[in-house]
Amino acid sequence: YGKSQKTYKLTLLQGVRGDEFYVSMACGAKAAAAKLGNVKLDVQGPQKFDASLQIPILNGIAARKPDVIMMAPTDTKALIAPMKQAKASGIKIIEVDTHVTNASISISKIASNNILGGRKAAVALAGLTGKQGEWFVMNVKPGISTTDQRQKGFELQSKTYSKVKYLGTRFDDDDPGKAASITSAQLAAHPKLNGIFGANLFSAEGAATGVRNAGKQKQVKIVGFDAGPAQVQQLKQGLTQALVAQKPYDIGYQAVQQAVNALTGKKVKGKIQTGLVIVTKANIKQPAVSKYLYKSKC
Amino acid sequence: MTENGVVLGAREIFKSFGHVEALRGASFEVRGGEVVALVGDNGAGKSTLIKILSGTLHPDAGEIRFEGRPVSIGSPTVARGMGLETVYQDLALAPELDPAANLFLGRELVRPFPLSLFGFLDKPAMRRSAAEAFSKLGVRIPSVTAPVANLSGGQLQGVAVGRAVNWASKVLFMDEPTAALGVVQAQHVLDLVRSVRDSGISVVFISHNLPQVFEVADRIEVLRLGRRVARFRASEATMDDVVAAMTGSVEQVEGTENGQGPG
Amino acid sequence: MSDLEQAAATQGAPPAEARRLPRSVRWLLEAQTAWIFVVLLGMIGVFAILKPAEFATVDNFRNMAVDASSLLVIAVGMTFVIITGGIDLSVGAVLVFASIVAGKAMEAQGGNGYGTVLLGLAVALVAGLGWGLLNGIVITRSRVTPLIVTLGTLGMAEGAGLLITDVNIRSVPLKLTDSIGIGRLWGQIPYLVLIAALVTVVAAIALALTRFGRYTYAVGSNAEAARRVGVKTEQHLIKVYAISGMLSGLAGFLSLARFSTTTIGGHSTDNLQAIAAVVIGGTSLFGGIGTIVGSVVGVFIPVVLQNGFIILSVQPYWQEVAVGAVLIAAVYLDQLKRRARAQG
Amino acid sequence: MTENGVVLGAREIFKSFGHVEALRGASFEVRGGEVVALVGDNGAGKSTLIKILSGTLHPDAGEIRFEGRPVSIGSPTVARGMGLETVYQDLALAPELDPAANLFLGRELVRPFPLSLFGFLDKPAMRRSAAEAFSKLGVRIPSVTAPVANLSGGQLQGVAVGRAVNWASKVLFMDEPTAALGVVQAQHVLDLVRSVRDSGISVVFISHNLPQVFEVADRIEVLRLGRRVARFRASEATMDDVVAAMTGSVEQVEGTENGQGPG
Amino acid sequence: MSDLEQAAATQGAPPAEARRLPRSVRWLLEAQTAWIFVVLLGMIGVFAILKPAEFATVDNFRNMAVDASSLLVIAVGMTFVIITGGIDLSVGAVLVFASIVAGKAMEAQGGNGYGTVLLGLAVALVAGLGWGLLNGIVITRSRVTPLIVTLGTLGMAEGAGLLITDVNIRSVPLKLTDSIGIGRLWGQIPYLVLIAALVTVVAAIALALTRFGRYTYAVGSNAEAARRVGVKTEQHLIKVYAISGMLSGLAGFLSLARFSTTTIGGHSTDNLQAIAAVVIGGTSLFGGIGTIVGSVVGVFIPVVLQNGFIILSVQPYWQEVAVGAVLIAAVYLDQLKRRARAQG
């Protein structure tokens, strides 16, 4: 017998599959796995960012008994029990992007801060509009922790601007068409509207389409969240004026590293904060910014 | 019972569907222990009248008297409570249920206390008595436990007749109960009509088959364009009389019957 | 005078006042869908009175029309399907699939001219048609209920689309966005609206006036009877599902033009929205009854309600409650009026 | 035409539904220009046999010959192409369509070229000729443009009969076409059967109403428990003969007819 | 021997082999749902053979059962509704509403004992019942089609819930989570599964053996006929929708226990999932036909498929394609076998 290296089975459980944020995270994870060599990585994710859809998948993964599950829990409480159960069967857990309230389950938490992201969006919008005007948030639907936090951050920050009238939040059920028609109506109702924060891809996209329909591209500034190819395209086309980008690639990369560290007995960092970047048409070419644009393919 | 022995009487009933006036002042009487035939052309309003008397439809105007008292038959449940049962022209069967279930629909037998509290069905008992009822009628049914959807037209009619006969206590309405029946089965039904009558229950027999009408009916009432146009004692009338009334070539004065005066 | 004419003269005659009106007006009044249309007009009227400057503007109506256009295209196909007594849950997924393959095709072709745009259109239509045919063939061959079959193809189309690309395609030709996406005929009528209107009119004519439409009703009313008189019911059903698929493909192309990107994941409720629109418009889920005009009204009622409530600055949650309640009330009013008319 | 003048013949047809054997070797013949009555008890298999001959059902075994050649009637379209039309017992009408649409269902009139390419319906023409057809039949229909769903039973049957008569060119199957008809309307249909026959089209007339059967039929074939048990010349038989055959108290040897030898 | 018995002896007799089997086995074989159940067992068998160590474990089955439990509760109510020929789109929204008010009530009450838990349960049930009653009353009074009414109440329940709170309530008593949420009877059977099973068994008995069940079928089979024989069809429909609402409320309470938080962002596809499960189980959307056992199988088929495919490490997108295809195939197989049996 030669000394054959052990292969580690890792699974990345995304918050929702097909979203470029998580695709980039998977890319980072795959890159780290490829670099390390002895890691077999499997990626799974629910159709929607929804705990009741994610839990069965987590259970299925746990039944397969990988060495580590790196996961983005879709709810801070709902996932506690199944995560505990997986942990009890000897699987190590790393939380990426989001986390549950019970801090003792995972060996490491790697995330960016969504409330801060929302604040940054408001700051960016303030820069674009001269800290005055009427703003609203186009959001998916209530009850999703990440987008709720972005909305909350945006709201907190907007209220610090005395000349800004905050019009509240509208929900589009993640349907860009609905987001567009809501935006049209908001524009009709509030002629002085000049700023929109689109809390996720379709919200920003629909808002931009609605503004374009109404022919008010000049007047209304839109800040989007995340920096997937579609958002970048919108930015380049001038449909949105700024994006708040997280660093999912880094999250994925770090997660695999920490996982292997844990399996090989090396030191594991309990908490890693990855930062946020504001992307605008002006800075998008700079390498320090462009490297954080999300990937659609690895 | 009442004057003339009328159990159930309708006077000047009006009923329209949209622009179609199905009944335009129709009157009708059923006396105790008789078989009265209700005849008339297609669309004369026979089925509409029966539906009104059995609580399925509500008249736009008119008076209904039962055992001498004016009544309002607001729902089929009221009619059933009064002992009136109906074989509808469209049969009113639930195609997905089996013959036994159809027979007992709305009157299910339940298991003894305490199961009765929860409405537990006594299926074997219902199946048994359904089989009995059908065999008494001479209706051949391939299986009492398969849905009635695939029965032949005649078999379906047998189920519907069986159900009504089983439950009637005062008046049995039969809207073309023999339309789809074979010769033998039709004869069974006619026998049944007579035996129901002999047990004291009145029968209203609607049919386009005049030989059958004359075979069982004691009296005949003729409806035409939503009004009663003639009444006959079956024993004193001929088929030609009835046909003449139905087609409108002769019209009796309302209230007379084969030359009898009113009252 | 024959028996029939006599009968018609005494029983079936329309009331005197209706007889005096011109034929077209009478038709409109007697049409099955007239009342729900009146309800829609009523809503528009109320909003217009409450907020004349904001609601009752050309811009706002144009925007609402654009918002409704792609759902309208889907709802037209769904109307045919539901009249046959079927249902098509796969529309949203087929829309996404078609926009993905059309986007891919245009990306592969490169270029930024009408040629590329036409290629994309063709690919979207063919992709939609393919799924529609699959639906129709599986439904008629396997006799599995349409709900299950189209639920299955929903998953399959969605998965297949994502297998081709799991991210949104962004290099849609500018020409497409500029022409169809935001272009307007004579600077007034958005091409999106024009295309949707064209589809609707053709479909309305086909349903009301041609043999194809007649068979659609017949299959939904009594499929066995239709088969016995020689209607090729299975072939007809396949055609109907093919149309629904193809129109979903067209909607995918329109959405590509409008958003200049595929909108994966953004259409999971399209099926329910389309079904609701069709049913609001008076089409029976049990088949045999329905009109395209009704579905048009059914598409616009939720759009107008949402727009109007936002302009009235109703809180989003109250808005949901109100839309739900008004929806029921609208259909109720429609039925009430129709019943009253039937009672003469 | 062929030996014996048989237009359409079925031999030894078998057909089961699950465990129910509806036909167990039934034979049947229709000759040119005759009215042949097919009678039998409920469930004897009459409707099943007609459905097989009109392409709606497929036999499990057996041979069908049309104008002397063995044929396979694979679909209703094939049967219609051969000139066979049917009034089904369940009428086979589309309740949501109007009488005119039902009459022309599957055979719509289209507008002249070029609109015909798109299948544009010529509704006025269809409405006109439907009105004519119904008035010829004496069927009173409140409106040719309202759905048939609300017609009375007799009116519905009138629509179904009108449709089949309108299109038949060789054989007209009528499965209990008078079951729901009034006396006058039934007489209309019987007259119609005769005039159809006189125009050279054969008619297969199913009915439980033996007086009607004897009134129109040239021949009578009797089905019992899925087999043909007797054939009669109407002019030479009595009702009692037919009833006896139907009920099984007498059984003819297959192939003979009122004592005639075969051939 | 009467005519009837004679006929039964010659025509309706079961084949000889079936007659020799014990009654219960015969019943199972002849039951409408037998074949789809066999299909489910087949699926489980295949996965168990492919991945015995991972799939065929007690833990895995337990997890699947827990995953299915709350949908099962909803599907049971939906079965009654669909057998009457209706539909209930509001279930998911009612679930969310019930969990919100129950959560609020428990929060207000404070405490961490069984008293608080029971209060929450009662509130959830009453809230669900309320929406169900509203559905039933509006449907029977207004005669608006159930699809529209429950679509309306969907929006209303969702909006109303969000008006109460639009952030998830997280202060659910620990007792609730510990007992019902993750507790197990004898350390083996999760209480969630137990409750769902109990509901299912009671409902199955009610549907199959009681007058209530009989009327449910009758109303779906021929409502007019049921009315004419004196069944109070409107009252019955109200009861059926009330049950569906109440079970949605129960499901909301279970989800509160399981997730220890309201899940207001989820459940938008619960209605479609429940309808699909019921239809997979052989219940006809046109009413009159269906069983609870079938719906149970219909709930489990997608759950097992997803779990099996994840354990087989099938790519997520391929999974969707496969689930869609297998779904159609399963229902097809079921029909094929049933038809073959009917042909004898």
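Going by the order they are written in, the chains are A, B, C, D and E; count residues from 1 in each one.
Following the convention adopted for this analysis, a contact is a pair of C-beta atoms (placed from the backbone, for glycine too) under 8 Å apart; a residue touches a chain by one contact, two chains touch by 3 or more.
In this text the structure is predicted, and so the values were computed from the model without any measurement.
A.B. asks: Among all chains, whose Cα centre is located farthest from the one for subunit B?
C.D. replies: Following the centroid criterion, the farthest chain would be A.
A.B. asks: With chain centres set to the mean of the C-alpha atoms, which chain is at the far end from subunit E?
C.D. replies: Between subunit E and the rest, the longest centre separation is with D.
A.B. asks: In angstrom, rounded to a whole number, how far apart do the mean CA points of subunit A and subunit D lie?
C.D. replies: About 71 Å separates the centre of subunit A from that of subunit D.
A.B. asks: Between subunit C and subunit E, tell me the centre distance in angstrom, where each centre is the average of that chain's C-alpha atoms.
C.D. replies: 31
A.B. asks: In whole angstrom, how far does the Cα centroid of subunit A sit from the Cα centroid of subunit E?
C.D. replies: 34
A.B. asks: Mind checking the centre-to-centre distance between subunit B and subunit C? Centres are C-alpha means, answer in whole Å.
C.D. replies: Result: the chain centres lie 48 Å from each other.
A.B. asks: Counting only residues that touch at least 2 other chains, which ones in subunit A make the list?
C.D. replies: 17, 48, 173
A.B. asks: Provide the list of subunit C residues touching at least two other chains, using ranges where the numbers run on.
C.D. replies: 11-12, 162, 166, 268-269, 315-316
A.B. asks: Counting only residues that touch at least 2 other chains, which ones in subunit D make the list?
C.D. replies: Each of 19-20, 140, 142 in subunit D touches at least two other chains.
A.B. asks: Quick check: in the complex, which residue numbers of subunit C touch subunit D?
C.D. replies: Residues 2-8, 11-12, 206, 209-212, 214, 217-218, 220-222, 224-232, 288-289 of subunit C touch subunit D in their complex.
A.B. asks: Contact residues on subunit E for subunit A in the complex?
C.D. replies: Within the complex, subunit E contacts subunit A at residues 51, 54-55, 57, 59-60, 63-64, 67, 70, 162, 166-168, 170, 172, 177, 181-182, 255, 258-269, 303, 306-307, 310-311, 313, 316-317, 320.
A.B. asks: Help me check something: in the complex, which residues belonging to subunit B touch subunit E?
C.D. replies: 54, 56, 75-77, 80, 86, 88, 91-97, 101, 105-108, 110, 118-121, 123, 131, 134-135, 138-144, 146, 163
A.B. asks: For a test of understanding, state which residues of subunit B touch subunit D in their complex under the given definition.
C.D. replies: Residue list for subunit B touching subunit D: 17, 19-20, 40-44, 47, 89-90, 140, 142, 150, 152-155, 158, 176, 178-186, 208-211, 243, 246-247.
A.B. asks: Once bound in the complex, which stretches of subunit C touch subunit E?
C.D. replies: Those in contact with subunit E are residues 89, 138, 142-145, 147-149, 151-156, 158-160, 162-163, 166, 268-269, 272, 275-276, 279-280, 284-286, 315-325, 327-328, 331-332, 335.
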